[in-house]
Amino acid sequence: MKIGARNVLRGKVKQLRHGVVNMEVIIEMPNGNEIVSMITRKSAEKLGLAVGKEVYAVIKASNVMIALE
Amino acid sequence: MKIGARNVLRGKVKQLRHGVVNMEVIIEMPNGNEIVSMITRKSAEKLGLAVGKEVYAVIKASNVMIALE
Amino acid sequence: MKIGARNVLRGKVKQLRHGVVNMEVIIEMPNGNEIVSMITRKSAEKLGLAVGKEVYAVIKASNVMIALE
Amino acid sequence: MKIGARNVLRGKVKQLRHGVVNMEVIIEMPNGNEIVSMITRKSAEKLGLAVGKEVYAVIKASNVMIALE
Amino acid sequence: MKIGARNVLRGKVKQLRHGVVNMEVIIEMPNGNEIVSMITRKSAEKLGLAVGKEVYAVIKASNVMIALE
Amino acid sequence: MKIGARNVLRGKVKQLRHGVVNMEVIIEMPNGNEIVSMITRKSAEKLGLAVGKEVYAVIKASNVMIALE
């Protein structure tokens, strides 16, 4: 599948925090920055997420805000 | 102001594409990756966005999806 | 790419409405229902969208609200 | 109340999965497709959600991404 | 229709800014605060929006971030 | 930090409801209206949220829908 979302960032799963129906996924990018994602547990199971697994963080452009220092 | 959003990524404005009421902002991160944001033109004006300006891309964790290769 | 989003609905592009930086995409599902999507023009170009093309509408579960009659 | 959201899809609640503060709602549409929604438990209670209840899935167009096979 | 979204704020349309496919809607609440919404033009037409019209701003709880001074 | 989001509403934390990985935050605005936010627990901890604390609800314009009575 080819996704149209403008932001697709590669990284590895660093940590998984299990909620009852949701899952917090911490992704480490090659430069050491982290991206945090909150998805359903079912989605995490469907993807077979585990620490160390290579994943992409996918973000629609309309969900990116901008801030200044 | 201190924002609670879990994802705050630093970069520089690389390109601005003006719509009538919206603005597409392309941000280049230090590692060369790009983040694309769609915001209102008024927001871009409020922030004084211009090519080369240092900005942060701010993304709520619940807006980050995960994909596999 | 395999996307974790829980909602992936198949259809065909019925209409494209061009904004300056955004694009409204109307998708017709096999049962005749329509799904409307607003994406960046660049995303539409990246996907080569055109009327009649088979596409998927992808929606994160946290972006689905519920209403009653 | 008349909602402006462009996507309003009719279906029946097929399953409810209770988290502590959130609730996953699986909706079955007449054609057999499923839509998954994550809402607050309080919202589910306010709506009186139960298996079999007729509901609408409501999705803002800017939250619909597009993908190709 | 009864919407499950947790945030439903009443106000009046103060200004409409027309894009090609989108519309920026500025809503004034009774206390003088403003809420800004970006919707599709088609949605604005479907609702018959005009300056002075009484409307509700509807926001899903998962789209509300928190910040400190 | 200066955030570009168009909607920044001031209030006080009225109630916190702890999930396992998420937190529901109920904010009371000066006029008595409430805003409900769902954020990660980690975000709430980072901000040091507690009942009575002064906070801002931050909402991107593209996440505000409009409805009529």
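We call the chains A, B, C, D, E and F, going by the order they appear; numbering starts again at 1 in every chain.
Basically, a residue touches a chain if its C-beta (ideal position, glycine included) is under 8 Å from a C-beta of that chain, and two chains touch if they have at least 3 such contacts.
Bear in mind that the values here come from a model prediction, so they are computed numbers and not experimental data.
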Chains touching both subunit B and subunit F: A, E
Chain of greatest Cα-centre distance to subunit B: D
Reference subunit A; chain at largest CA-centroid distance: E
Rotation in the CA alignment of subunit B with subunit C, degrees, nearest 5: 120
Same or different contact residues where subunit D meets its copy subunit A, judged by the half mark: different
Mean-CA-position distance for subunit E and subunit D (Å): 21
Subunit B and subunit E, separation of their C-alpha mean positions in angstrom: 23
Centroid spacing, where centroids are CA-atom means, of subunit B and subunit D in whole angstrom: 30
Multi-partner residues of subunit C (each touching 2 or more other chains): 1-6, 19-20, 22, 24, 36, 38-40, 42-44, 47, 56, 58, 60-63, 65-69
Complete list of chain pairs which touch one another: A-B, A-C, A-D, A-F, B-C, B-E, B-F, C-D, C-E, D-E, D-F, E-F
Interfacial residue positions of subunit F with respect to subunit E in the complex: 3, 5-9, 24-25, 27, 29-31, 33, 35-39, 43-44, 47, 49, 53-69
In the complex, subunit A residues that touch subunit C: 1-6, 38-40, 42-44, 46-47, 56, 58, 60-62
For the subunit A and subunit D complex, residues of the former touching the latter: 1-5, 19-22, 40, 42, 60, 62
For the subunit F and subunit D complex, residues of the former touching the latter: 17-20, 22-24, 36, 38, 62-63, 65-69
